[in-house]
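Here come two complexes built around chain A, the first alongside chain B, the second alongside chain C.
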Partner chain A sequence: MLQTRILRRISAMTASTSSATPSTSEGHKDRSRYRPVIGLEVHVQLNTRTKLFSRTPAGLEAGPNRLVSPFDMALPGTMPALNKQAVMHALKMAKLLKCTVPEKSRFDRKHYFYADMPAGYQITQTDMPIARDGSFAFHVFDEHVEPYWKEVPIIQLQLEQDSGKTIHHGKKCCALVEIVTTPCLRTALEATCFVQHLRLILMHYQICLGELHRGHLRVDANVSLSYDGKPGTRIEVKNINSVRCLHTAINYEIERQFSLLSRGEKIVKETRAADPEGRTVSMREKEDDTDYRFIPEPNLPLLKIQPEWREMNDRWVETQPPPRFQKFRDEFGFNPRSALHLAEDETLSSFIERCAEHFVPLENLTANDILVWMKELKTTMQRSKDVYPPASNRFAEQFVRAIDLYKKNRITRLRMLDLLRNLSADQESRTVDQILDAEDLWKIENADEIVSDLLKSQEKISEKARQGHAKSFGRLRNLAVEGSRKRIDVDQIEASLKRLLGLKT
Partner chain B sequence: MQRIEAAIEKAVRYRANGILITETFDLARKQAEAALQNGQTPFPVVIKDCFALKDYPTTCSSMMLESFVPPYTSKVVEKLISRGACIIGKANHDEYSMGTSSVLGHFGPVKSALEDASKYDWLVPGGSSGGSAVAVQAGLADMALASDTGGSTRNPAAFNGVFGFKPTYGTLSRYGLANSLDSPSIIARSAEECWKYFEYMTGKEVDDSTSTDSTKYLGKSSIKGLVVGVPREYHNEKLSEDGWQVWNSSLNNLKKNGALIKGVTLPFTKYSSACYHVITTVDVASNMARYDGIAYGYRPSEESSTYAMYAESRSTALNTVVRKRIIAGNFLLLRRYRKEFYERALKVRRLIKNELDKALGEVDVLVTPTASGTAPMYSQLRQSSYSREDEDDYFTQAANLAGIPAISVPFVRDYSLPIGIQVMAARKCDKLACDQTAHMNTITGLYVSS
Partner chain C sequence: MSLILRRPGRLFNSIAVRWSNNDGRKGAGEKKTPLEGDEVLVPVEPYRSDVFENTPEDMPQFDQKLISQLERLSLVRFDSEQAVANLRQTVRIANRLKEIDVEGVEPMHSVWEEQECPVFEDIAEKPLPVEEVLRNAKVRYEEYFVTPPGNVPLESNAPLDLEKINQWDTRGQNIAPQHKKTKRTKQ
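Moving on, here comes the complex of A and B:
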């Protein structure tokens, strides 16, 4: 939830309180004059052992109302005691999102009545957040959009209680950091890519468990349409529980607002909820009516960030290996799209990492070779009972060795495919080189010898082929491939056949 | 053990005075036995009913918490018990400690034991910790735990002729005490005892982030050479003739015994009342938001909607004073008024604090009246529509706004009611405040123990 004052700050930047009023009578129907303006509030549930202000265990699976302390119940006289681990996580996030960390930050009470929030207020941060003025950069892409680089300024990070889940869902109710971005995103795709990359980073640094459907990450989107650069009325969309939902809800909201504006109607400032299909429905009218009556939390002194806490967390972040998608992209040379795709899948990621040990030192192999052959491997294994991709180290090593041999022209493509089948079947205990040596399957460069022998033995078909009978030509080619035990490239066999049959090349 | 039985006997004898909301005699006896086994001397204690005591009702003198039994004990109470305290009962007070008369609690008024009380009129014990003060005065307890947000300990101490000590904010943990600006405080029969019980309870608590370690400075061994500041703003139209005389004679006594009397001026003190009201009502509005009748507290029959239930619960189970403060506090916090009132009050509070800190940098202690005069009768208080409460608050609120230690020393004169003189010292100079009060008491000899 955006705090009033941040709202004002955003308003100051975009003057988003005044609604876009089209100046000409028909201009408001011109879609090209509108531009979506999107900002996100990402609620990150921190991976802490206990809740933000009490020593009740967090993150355990317990029934409703089970893991509750007197403080969580807001019993009279109970007081919050700040969880240091949560502060440390927030400092790591500050480092990762390139934020400034003020020397002091403050907790504030945000008042509203809600049956699941026993104190009648949420302890959060507003004017003096733990970190501010950061940025986060990532690639934006999908199947149709080529990757481009986008940098999103972050307004602030605020530590707060998960207000909605204080008692019920006792397993949660934990420490949150709310990340507030500037409204600089332009498309639903940019928003989803932001969340996908952010999620992987937070998971990698063990700050958050990262499962959206379990509420580890919750995203609210603020969407408006500017008209000729003039800001429009902001709609807050809540209840978004997946990346797909974020995408559809933003697009739905853009369409809804455009259709209202193009009919000359006004957008009413409000909070809307995304339904399971990603449509947005009105929840309640927003901030203008709700006054949260903020006061500084009297039971907590100002939080003074010790310089050594920052140094410790900064150093920790710096000494961690980079997140997989970054490593895949920057160290292994995968394109941003594949890097993200692979990193989001644990099995694929670890397969890549096993392969990387063997292919990274090789100069002639690229990440793309690995991708191409992974695809072939997947097809090859489709009918097999074994799991794609094979989990053994041995396989990864032999897989890379085979690709390397193929790239060096030591084996043919068809031999390569056979090898993949053999290796993945897992009955094979020999190395690629042992197989090739033992069965003498190394590639032969000169096809003419085998082809001319073949033509002699298959005179009838040869004659037909010579006269341009395509089927016979194909038959001869296949016989040659077989006869060579896939040691000759099909291309070379075809070239040789054509030459020796006297056909046009 | 005898001491405990005697205290219980007193508690029974003074039942008509409305001192205790809950009697915990069996608990006291059990605690006495445990103390004796540990080689400690058991002593009877009464605690204000806004401090949580595990497995016993903690009502805050309100219908809202009539059936509330906390699963934990306040830190300060735990510490007292560990030193041999035997809890005789939970003391009556103004609902949620809002008031200076102990008349307005849900369980009926507290009546001073200094004069005979009738059903219709009685001597007001002061408040909000009226029950605690009367308990010590009448001998139900050696010490009573009270709380002090704007004078709630010092005022009843003054009215009942006992000592009331509000230490530096944070030196006694608030964990288990209802409001956030409250300071746990001590009512006892001497300054030395106040200090002794303070030492039993002080110390930083992990559960209370606002708690601090106590006492930076040691006391002074005598009055000689003590620099006593006398703020002229405390000599005003609110102060009674009686009050002025006692103040004056106590200063003369100090001077005779070698203290240096120095006039001081604290011009911002006159804003302390307005400032205090804004800040405390805001605090009250926020802290009271939890009393919605859902998880605990008074649950009304009205359940047609969640909001209807909140409204019904709060308007039935909270008294007018409390509701007014909640409404005022929420009003003052509204976006459109916040700057004008709340934020300004915070600035004024800083000015008051700076002014007191500065004055206490130049003198050792400040000596002022604790209240405008002696305790009024209930009939007088009603006639004045409780305006006397605000007049008395004037003398005590500044110490709360500045978070400094303040102690009220009683002066009991023949044939007339006691009057309190207040000694304030710099932050964390709690020892100095107690010591000087003790010396003052010795030299003036005006205090007569009941």
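Moving on, here comes the complex of A and C:
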């Protein structure tokens, strides 16, 4: 939920005073004059053992009302006791998102009625948040969009209670940092890439466990359409629970607003919820009617950020290895899209890391070669019903060695596929070189010798092929591949066959 | 509306005066006599600020929309026209705070501003046993509290008479000439 005050601060960029009602009669139907304006609020559930303001365990699975302390029940006389670890996590996030950390920050009460929130208010931060004015940069891409670099200014980070989970739910609960971005995102794709990269970074630095389906990261999107640069009416979309849902909900909302505006109708400022398919539905709550009645939290003095806390967290962040997607992209040379895709999967990324030990020092191998052969390996292993990718270090080493040999033209493509099958079947204890030496499977450059022998032994078929019978030609080619024990490239065999048969090349 | 307090200076630092209270009948506004030998740190005579004297006569106007919104936010219905009139009176008095000149004065968040927010190590303690948690629950279902349904819009039934409300706004007459009734019920 974006607080009214922040809204006011950013209203110049997004929202609401002058609605984008087009003046000309037909201009409002022109799609190119509209521009989507999207801002995000990401609620990050912090990886702490206890709640934000009580030492009740968080993160355990327990029955209803099992993880409750007197403070959580809002019993009179109980006081909030701030979790130091949550502050530390917030400071790490501030460092990662390049925020400035004011010397003091303040907690505020935000009042609203919610059945799971006995106090009748949520303790959050508004005017004096723990960190502000940051930025986050990432690659934007998908199958059809070439990766480009995007930098998103961050308005602020605020520490707050997870109001929905104060009591009742025994699951992971309570300490949150809300990240508020400026409304500078232009497409649903930019928004999803933002969340995907942010998630990996927060997981890498152990700030958040990052499981979207368990609510560790919850996103609200503020969407409006500007018309000829004039800001439109802002709609807040809540209840988005996956990256896919974020994408469809934003696009649905953009389309809905456009169809309303193009019919000459007005957008009513409201909060909408995304349904499981990503459609947005009205929550029947007009924003003018909500009044959170913010007041400074009287039970918590100003939080002074100790300089040594900041130094400690900054140093810790600096000394950590970079997140995997960053390492894959910058050190191993994967394209941004594959880097993200690989980093999102634990088994794939550890496979890449095992391979990287061996392929990074090799100059002729690129990350793309690894990707191409990983795809082949996947198909091979799926066919033999093995678990992909193989977990052993030995396999990774031999895998890279085989690719290297292939790239150096020492083995044929078909031999390479056979090798993958052999190596992944894990009965094989020999190295790639040992196999190739023992069975003499190195590539032969000159196909003519084997092919001419074959033509002599298969006179009937050769004759047919010479007259242009395609099937016979194919049969000869296959016989040659087999006869050479896959030591000759298929292309070379075909070329040689054509030459010796006197066919046109 | 935000309330901004001024730094009270030495006034709250030490309240060391014990009042002679032999008969126990000394009330607010009366002159008080300190015990012999006590240091006097507060004025002996009540101090009247002239800030509140120069109030403009603008009585806030309450319309039906505002009344419904207040009812919805508080989840409490106004009893009668008189209840709203009382609130208007209160708002008018509170509005006088706007007259105070706070230019260049940092807002005060707590009377002990040097105090730092204590932080606690992230070490779990034993939560309350579930029987304790549910002990005062009026209605429960298995191990859940049963709460009233949330965010149900209040229907505005039989709106209050706005004219009546807005006519009781003369100063000094903040009680509406009306008998106090029991709770208004739907007819």
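Annotations for the structure displayed:
By our rule, the second predicted complex is superposed on the first by the 496 of 505 C-alpha atoms of A that agree within 3 Å, B and C clash if a C-alpha of one lies under 4 Å from a C-alpha of the other, contacts with A are read in each partner's own complex, and residues count from 1 in each chain.
Note that in this section a contact is a pair of C-beta atoms (placed from the backbone, for glycine too) under 8 Å apart; a residue touches a chain by one contact, two chains touch by 3 or more.
Owing to the predicted nature of the structure, the values given are computational and were not obtained by experimental measurement.
When the two complexes are overlaid on chain A, chain B and chain C occupy overlapping space and clash.
Between chain B and chain C, more residues of chain A are touched by C. In the superposition on chain A, A:K304 makes contact with chain C only, while chain B stays out of contact range. When the two structures are aligned on the shared chain, A:D142 is found in touch with neither chain B nor chain C.
Looking at the shared chain after the overlay, A:Y121 reaches chain B, while chain C stays out of its contact range. Once the two complexes are overlaid on the shared chain, A:E103 sits clear of chain B and of chain C alike.
By the touch criterion stated above, A:F113 is placed in contact with chain B and with chain C alike. Applying the stated contact rule after C-alpha superposition, one finds that A:E331 touches neither chain B nor chain C.
Contact with chain B, but none with chain C, is seen for A:T78 once the two complexes are overlaid on the shared chain. When the two structures are aligned on the shared chain, A:T50 is found in touch with chain C, with no touch to chain B. Once chain A of one complex is fitted onto chain A of the other, the partner contacts of A:E255 are absent, as it touches neither chain B nor chain C.
Residues 70, 73, 81-82, 113, 115, 167, 291, 293, 295, 298, 300-301 of chain A lie in contact with chain B in one complex and with chain C in the other. Every residue of chain A that touches chain B in the complex is listed here, in rising order: 4, 70, 73-82, 109, 111, 113, 115, 118-121, 167, 291, 293-295, 298-301. Looking at the complex, you find that chain A touches chain C at residues 48-50, 55-57, 63-70, 73, 81-87, 106-107, 113-116, 167-168, 285, 289, 291, 293, 295-296, 298, 300-304.
By the touch rule above, chain B contacts chain A in their complex via residues 50-52, 58, 60, 65, 68, 70-72, 74, 174-178, 180-181, 206-210, 282-283, 285-286, 288-290, 292, 294-296, 306-307, 310, 330, 333-335, 338, 342. Looking at the complex, you find that chain C touches chain A at residues 2, 69, 72-73, 75, 109-110, 112-113, 115-125, 127-128, 130, 133-134, 142-145, 147-151.
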